[in-house]
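Labels for the chains are A, B, C and D, by order of writing; each one numbers its residues from 1.
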Amino acid sequence: MSRYTRNKWRLKLQKIIYEADTPAGKLFDVVLLITILASVILVMLESVHSIDRKFHSFLNISEWVITILFSIEYILRIVTVKKPLKYVLSFYGIIDLLSTIPKYISLIVGGVHALAALRALRLLRVFRILKLARYLGASNNLMSAIKASRAKISVFLFAVIIISIILGTIMYLVEGEEHGFTDIPRSVYWCIVTLTTVGFGDIAPQTPLGQLIASLVMILGYGIIAVPTGIVSAEYTAQAKKEKPLSNPQICSKCLAENHNNKAQYCYNCGERIHS
Amino acid sequence: MSRYTRNKWRLKLQKIIYEADTPAGKLFDVVLLITILASVILVMLESVHSIDRKFHSFLNISEWVITILFSIEYILRIVTVKKPLKYVLSFYGIIDLLSTIPKYISLIVGGVHALAALRALRLLRVFRILKLARYLGASNNLMSAIKASRAKISVFLFAVIIISIILGTIMYLVEGEEHGFTDIPRSVYWCIVTLTTVGFGDIAPQTPLGQLIASLVMILGYGIIAVPTGIVSAEYTAQAKKEKPLSNPQICSKCLAENHNNKAQYCYNCGERIHS
Amino acid sequence: MSRYTRNKWRLKLQKIIYEADTPAGKLFDVVLLITILASVILVMLESVHSIDRKFHSFLNISEWVITILFSIEYILRIVTVKKPLKYVLSFYGIIDLLSTIPKYISLIVGGVHALAALRALRLLRVFRILKLARYLGASNNLMSAIKASRAKISVFLFAVIIISIILGTIMYLVEGEEHGFTDIPRSVYWCIVTLTTVGFGDIAPQTPLGQLIASLVMILGYGIIAVPTGIVSAEYTAQAKKEKPLSNPQICSKCLAENHNNKAQYCYNCGERIHS
Amino acid sequence: MSRYTRNKWRLKLQKIIYEADTPAGKLFDVVLLITILASVILVMLESVHSIDRKFHSFLNISEWVITILFSIEYILRIVTVKKPLKYVLSFYGIIDLLSTIPKYISLIVGGVHALAALRALRLLRVFRILKLARYLGASNNLMSAIKASRAKISVFLFAVIIISIILGTIMYLVEGEEHGFTDIPRSVYWCIVTLTTVGFGDIAPQTPLGQLIASLVMILGYGIIAVPTGIVSAEYTAQAKKEKPLSNPQICSKCLAENHNNKAQYCYNCGERIHS
């Protein structure tokens, strides 16, 4: 095989693997998407004892098939890409390796529980295929709204954490260890559970004073939730408005009327022709 | 009975059953609405053991009365409609059948529990009578706001599910089986419970690290809720705004252009005078 | 005492009781407010066994003092008002009677538990004194925003209830009685608990399928909360905007510039005097 | 040391401690920030029994080091500031004292539990260093939005508390003591837990009627949350809008009027030309 032919092959494969414009590329993406979803479902099912006991060998073989498929894909990606090292060290390169390797390690070490679950990281690969950006494109406003309000939301979260630490310490003093508030970190954890209105109930205040403080925490949390919502929705409205000024900047040269329709050719007020 | 008389009868019944303009049609709708509500309450009461024991025969007879009424209605609908097959295979046709048939089957098979509850589907029939569209008409803005933000909300929900699967797997590794996180699907379920700030508390993290991650999940969920709210409220504001410049019902008599400005006196498309 | 003097007295008392413009009227309002709050706290403390045991006679005497004060107030209100019957049958008239009478009845019947708690209704009287309208005046926008979105919120709540009944019935079929879903009303209750993201955890799904449906319910609830929030916030924005057009409707007679400052006396664009 | 040299030293120290413009001042701030965070983590870890047992002497020594560092800082602050008494009695002065003194008292009294936790107040000191205002500067809109909606949110919270007391009393009557609603304060606490959608589940209604009322409370809470969110988001949008027309920093050179329109060329107050 001449070097030229090899390069042509590499280019062809690269197009299939990294792009989605050709039919082959699309097919590759769809097959990969299905394989990833199947592999994630496999990992989840494997962790269920009753299912694992019944279908152990089936799950094991499927897992091997998927691992080998992913290994081939990983090697092909390295071979076809121009700068292999850059890919290997990239975010998706590491994810690809981490989601493939556990099964091989299990061969050597045998039944490493934690490593097996690492395979759930495969789900992150879904983002690559879905090329979410394309779908998110429609919600660009949303993205820039979140970006624009990032600083404010950070300050907000920082305040939530400080409130939680102070109120958690107070609850630790008020309720004490006999009511489940065994130490300050646990009390802070309870405070976050309550402030975010999750409310597990595994720890709950028992003394009247503790319940009074808890009530204040809850009402505070109920009120605080308005802040990030208000920020995002206001920023989002602002983003949406920024886009609009393009509607029709024309002003009638005769009567100075504004706010013409987007497709307007004549002034709605005096009938004068509008030059766009 | 001549064919003509039969047709006249059919037309009359059709008007009563399918329309609500005539007094008879309105009466039919009100009676049907009460029957449906009564039947749903019956199904609910029947499932309560203490009530079922006391009033078994009363509930049974009432159920039969309602089933026969619904059967008559179902037959009348088939007879009077122009395309019976289309009705039978339509969404409401299937609902009507499914909500009538269980009682008859119980005669043959006897006490089929699951089938009985199927009758709760009758509630879906309420929507037909209420002709919700009429009430929703006022909230058209709301509907189009939800529609406009559908794509973004899908992306959002998709992200929520992926976050739940990844964080659920991490929690499974961190907390392990002895603390209730028996398998990955269950951990993912816990993660959704926490992220949506529901927080049942049937499963709750016990280890400090687990509680730390849980805190992050909760704060994340607390922040994430701002996103759909922001989207809907911004879209809704946008919809409300769009409506105003479109509120001119005039259509140009010359070029048939629509969507004239509210104060428009001349067509923006051809310059023709608009008579309001 | 002549009839004239009596009338003068009645008028004076009426001013003190029903109005808050005179110093005496203000004093009356403050004293009444404190009495009401004290009486509500008394009712709450009385229900706590440990406190009731210790301070029974003190609580009893205080309750009698307050009851007699309220009785005097009730009689004075009837005597001074122009149309006594109208007052007695009004909302606040009934509340006033219901919050005074239980203590007297307890004399005859003795220890009627439920009647005692009726006194908590006294809290409703607070609204009269605070003349909340005055404070709410500032949030008129809010009130009209809620009013404007009432119809939409009703449709929304109606949909929430129907969803709860249908999903509750499905959960009853899926989870069954052994997992706490003993009957349909209880399942519907669970569904409302979950959909509103409250999540008590007294009932929780145990089967994988039940947990899957529960996840859908939770995500649905998480998304649905965006709807009323979006409605209120959009309506509120709309209300706030309606108010604004009053800012400055002037248009410069020379250059037709708009959006003049509220206090503007000269056009910001050409310096021409603006006639307001 | 002459008085002059002492004054120069004092000024230098003052600049380092109270300002952050010089490199030394910045270094001081960073060291203080790290010390505060370390001290708070120490307090939290100390409360965990298993950690305290293992690392008791290490934690004790670290705590002493930090206490001495804070003592020095406290003395330096008093020495360098112009009005020492004003500092001592200021909010941060009291916080500084309260967060330093517990360790010294523990020497005399020995193991005073509650005092130890007082040290968590140190966290409040973080706000001083971070000079949060600087970060919050970006979110000035947010601050003024919250301020503007303060009155409305107070009315809202007041309404939430009254609703909770009334519904809590009703639940106390309906559910009674055998189902956990032992007294009215506890029922009110439950009502707040439910209304804010926290839902611990430590107390939960058992009777059908109680569950029905609970459902109403939950749906009410689910709807009510829309109100503060709507307020904040609308006010925030309004604040963002207000800012724009005010963005012209020009002040009329003749009449000193401010808040000129963005495109203003003439003073709206006196007609004088504005030079931008």
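Assume a contact is a pair of C-beta atoms (placed from the backbone, for glycine too) under 8 Å apart; a residue touches a chain by one contact, two chains touch by 3 or more.
In UniProt terms, the chains line up like this: A, B, C, D = Ion transporter.
Predicted model only: the values in this text are computed from it and were never measured.
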Farthest chain (mean CA position) relative to chain D: B
Interface sides of chain A and chain B: same vs different residues, half threshold: different
Inter-centroid spacing, chain C versus chain B (mean Cα positions, whole Å): 30
Intercentroid distance (Cα basis), chain B paired with chain A, Å: 29
Computed distance of Cα centres, chain C from chain A, in Å: 40
Set of chain B residues in contact with two or more other chains: 48, 185, 197-201, 225, 229-231, 233, 237
In the complex, chain B residues that touch chain C: 40, 43-45, 47-49, 114, 117, 120-121, 123-124, 126-127, 132, 135-136, 138-139, 142, 145-146, 153, 157, 160-161, 185-186, 189, 192-193, 195-202, 225, 228-229, 231-233, 235-237, 240
Residues on chain C engaged by chain A in the complex (per definition of touch): 48, 197-201, 208, 229-230, 233, 256
For the chain B and chain A complex, residues of the former touching the latter: 151-152, 155, 162, 165-166, 169, 172-173, 182-185, 188, 194, 197-201, 204, 208, 211-212, 214-215, 218-219, 221-223, 225-227, 229-231, 233-234, 237-238, 245, 259-261, 263-271, 273
